[in-house]
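Working notes for the structure below.
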């Protein structure tokens, strides 16, 4: 079921992908033939009947009902075939098998948040078992995003205050790109993620580890993990260059000018507030675009992040 | 500009007032020509900036926000300020009354008003650019557009105002075609460009008001939160998409139908053969216009709309392909056993056939539900619509511009350079956008300012292609401007065409015709009229003065 | 067609016609208000729209002279109504049928609601 | 061809009949664009009513049926007076035509005055759309949406009433100056068509908002 892909298609790694490819290729072939007839036919006539010196009298044959019928009916038949084929696969794409496992997906500027049935969660990395249908129940916290995995040939918009659903069944373990394909603002093109397709046992391990994340780790190290897994890095760098947000290099106990003119010392409380209620105080020179992590990050995780930010100071 | 001593519409009166207050449809067309070309130039430069930014996977020129503004402005300017008014307002205004033997359009004052409204709308758009710009994409999807900073309101207000300009033109054309045809010009003796313009106008009348109300509701949503589109206030963003595409899908046929009309003219004239399937072509225009209102949901297959609605929209989408195909086949049959000369308008027409063919068939791929799920919002869509808009409409526009240029200005351009340019643009275009089809099938999403490394080579090819297009247009600008000042004087009928606009002088006299033309033959009766091509002499059999007719009776 | 006959477009209707139509419109207004106080459930909407349609037809035919004028104008009006219908019907075909496959997809949106809540597993 | 006609014949028309027919056709096409402009609002209404029928019914109780009915009567009467004004012109009775047009404008002002009272009552209660909605007593989800529909439809319609009044004032002025007669009255006819359309739209708005909610 897994085709390696070609110069114009990525590898087909879900159960639906080969079906989509088949129709796509059918249309490519059928329309190439029709295209050759019409366009190259015209070009041939243009050359074959090019104007020569002398008389340019041409005959007056200006219609032929039989021809008109032929070139109405044949394309119509083709169009019907394509329609039914496409619709058939589309229905399959939309009706999840009953045994599908459900993953809740929240999109938010500009990252993905996944929650599994047992409460384990992950950010920007969806881990799924191979050969098992996975149903995504999706909604957004702000604007419309769209969940797109080219290898699976699947895409579904994620709407605010509304559910949308889709499903897939991966046929091959590996890592696949996840894109956001609905324009959602400044960070649209960095709203990327990965789909990690693993074996059944690995998936079970992941679920178990997921609900007990961070135990037995030093807070700084855990915070560093969170910096990656909670997508802070998409906006905050640690090397001193400002991104969408201020850099984390030397952020702790820095005095920061706010857009309302006040200054603010970056301490534990301020960091906490920045994470849970980022719109409260805006660092001057930046847009108020940082999403709230309310409900996504718990207290231990905030503490870990604070410890990590502190460590960035002493590290230098 | 014209050195000959005869009086024509260009030299009939002088001074800027005689232009800014003119009621002459030909002069209004010229006013439109300069305004619209200016915006095409701006949109094109923005496109080149986009392509330069995409040369490498990381930032090259501008930041993410600026990039988002670039493609929004590129899309909005190209669509609302260039391509929708383009052919109707420039070429339609200029030749439609001439073609049907009228002295002017039905409501000359409204016609002038439409130009001023256009300018006003464009001012609003420009105002929004200087006051923070917009970064929503040309589709203004909610709730992004109701929450982003920037001056969305003045841009959408501009779009709203531009709608009126479009409505005025459409209204004028419908009435003109109904009421002002010359004696003897029956519906079936009308040139096919007039049919195309008619079908276009019908769409403009029926669809544009919905764009208007959509923009009003969007503004109200943004300003007061009325709760129709913004989910935070209880609205439905997918409903916005219905509203938007109810206009914007038919709008794509506002763009293509007049271009198809031009192609029908050019192919028949340059094949010196009667157009094949006149009625089939004429009615397929109307067919496309009507069916175009039933398919808008194909832009929303993955939006979370009902699966049943998606099914209906997909089915109807395929129906639009059939009449477009009928046209293509009839054009081919017109060339069969014709006497084809490949002068520059015809070269652009051939480009049209090739590029619109590809664009159309890829439209069919997008119309197929399951395939669209993969391709939606990838570069495949970007490539599709550039193939139909740039490769279809713009090629049609260029064909028409070269075809009627001698009539508009009374000057010829340099034919050799025109042919070279047609080839350059054709090559550059395919390089730019064919690569994007492959990018799309490989999964490259659109509106991405940075991208994954694996897409770089194709993006680089595409950018190089766009520079070649830019070179082509620069050459074109040079030879066209050169022609305005230094071009050879044009004869009445340089191409040996049979439609009425070629029976008056080049450029036409102020009131179009010396005498009221009376139509005897059909517009493409090449079988009945012998044309001595070498001398390019056209026997004027069609223009008979009214007195002559009366004597004849 | 009658359109080229100036007589027909200059057709002067007797006063009677205008007053009769006006009276009919008043009466229909009274009826529709009256009926709205009776509960017919969903039929209230149907009745109200039917009466409105009758009133609109009267205005169009007599006040706007469509009855006597060029039939083409009537055609234009009908076509525009047809497209309004297309707009409403196809849009509602979506908004009403979203729950066809998944229950969760259907239904109106809640104000300020984050409907994304933890569902019991 | 009479003198009055010739005076208004634009150069690009061959006769007055052609000009008249063109103007009227143009007007009808313009009316089409108006209908489609309003179509979006009817979609707005239909979609949200189908989603929240109970809320719509609860909320519409806050509209005053009596005032709505009064306005319906006023608008219908004004439609009648325009129609009669045109009839008077057909009979060359400029005086009467002027009087009837004036009545139309007065009726239109009555309509606006009534609307003013309706609006101020709602503003007073806090029944404004969107962000400004502050009323608490309506059951159902998002009752402010009903008032959005209400204000947007009646607001746009009100703007059309004002535009119609301006147009009618203009033809009234020209009637007083004796420009129209049974030979030439196309502008009045077109102004009338526009006014009837404003009436037509109200005929649907009234039951949808005031009666069935």
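Things worth noting here:
Labels A, B, C and D are assigned to the chains in the order they are written; within every chain, residues are numbered from 1.
Criterion: a contact is a pair of C-beta atoms (placed from the backbone, for glycine too) under 8 Å apart; a residue touches a chain by one contact, two chains touch by 3 or more.
Not measured: the values here are computed from a predicted model.
Of the two interfaces, B-D and B-C, the higher number of touching C-beta pairs belongs to B-D.
Rounded to a whole number, the gap between the C-alpha centres of subunit A and subunit B is 34 angstrom.
Each chain gets one centre point, the mean of its Cα atoms, and the points for subunit A and subunit D are 49 Å apart. For subunit A, residues touching at least two other chains, in rising order: 94, 161-162, 164. The set of subunit B residues touching two or more other chains comprises 206, 210, 227, 231-236, 238-239, 242, 304, 307.
Under the contact definition stated at the top, the residues of subunit D that touch 2 or more other chains are 21, 25, 29, 32, 35-36, 39-40, 43, 47-48, 141-142, 144.
Looking at which chains touch one another, you get A-B, A-C, B-C, B-D, C-D.
Remark: subunit B residues 64-65, 68, 135-137, 141, 143-144, 147-149, 231-232, 236-238, 271-280, 301-304, 307, 310-311, 314-315, 318-319, 321-322, 325-326, 328-333, 335-342, 346, 350, 353-354, 357-358, 361, 364-365, 367-374, 376-378, 437-438, 441-443, 445-452, 496, 524-528, 530-534 touch subunit A in the complex.
On the side of subunit B, the complex with subunit D involves touching residues 102-108, 110, 167, 171-172, 174-175, 178-180, 205-210, 212-214, 216-217, 220-221, 224-228, 233-236, 239, 242-243, 511, 516. Listed in rising order, the residues of subunit C touching subunit A in the complex are 101-102, 104-105, 109-110, 113-116, 118-119, 121.
Within the complex formed with subunit D, the subunit C residues making contact are 3-4, 6, 9-10, 12-13, 15, 18-19, 21-22, 25-26, 29, 32-33, 36, 44-45, 48-49, 51-52, 55-56, 59-60, 62-64, 69-70, 72-73, 76-77, 79-81, 83-84, 87-88, 91-92, 95-96, 107-111. Note for the complex: subunit A touches subunit B at residues 7-10, 16, 19-20, 23-24, 27-28, 31, 34-35, 38-39, 41-43, 45-47, 49-64, 67-68, 71-72, 75-76, 79-80, 82-83, 85-91, 93-94, 142-144, 146, 148, 150-151, 153-157, 159-162, 164, 177, 179-190, 192, 244, 287.
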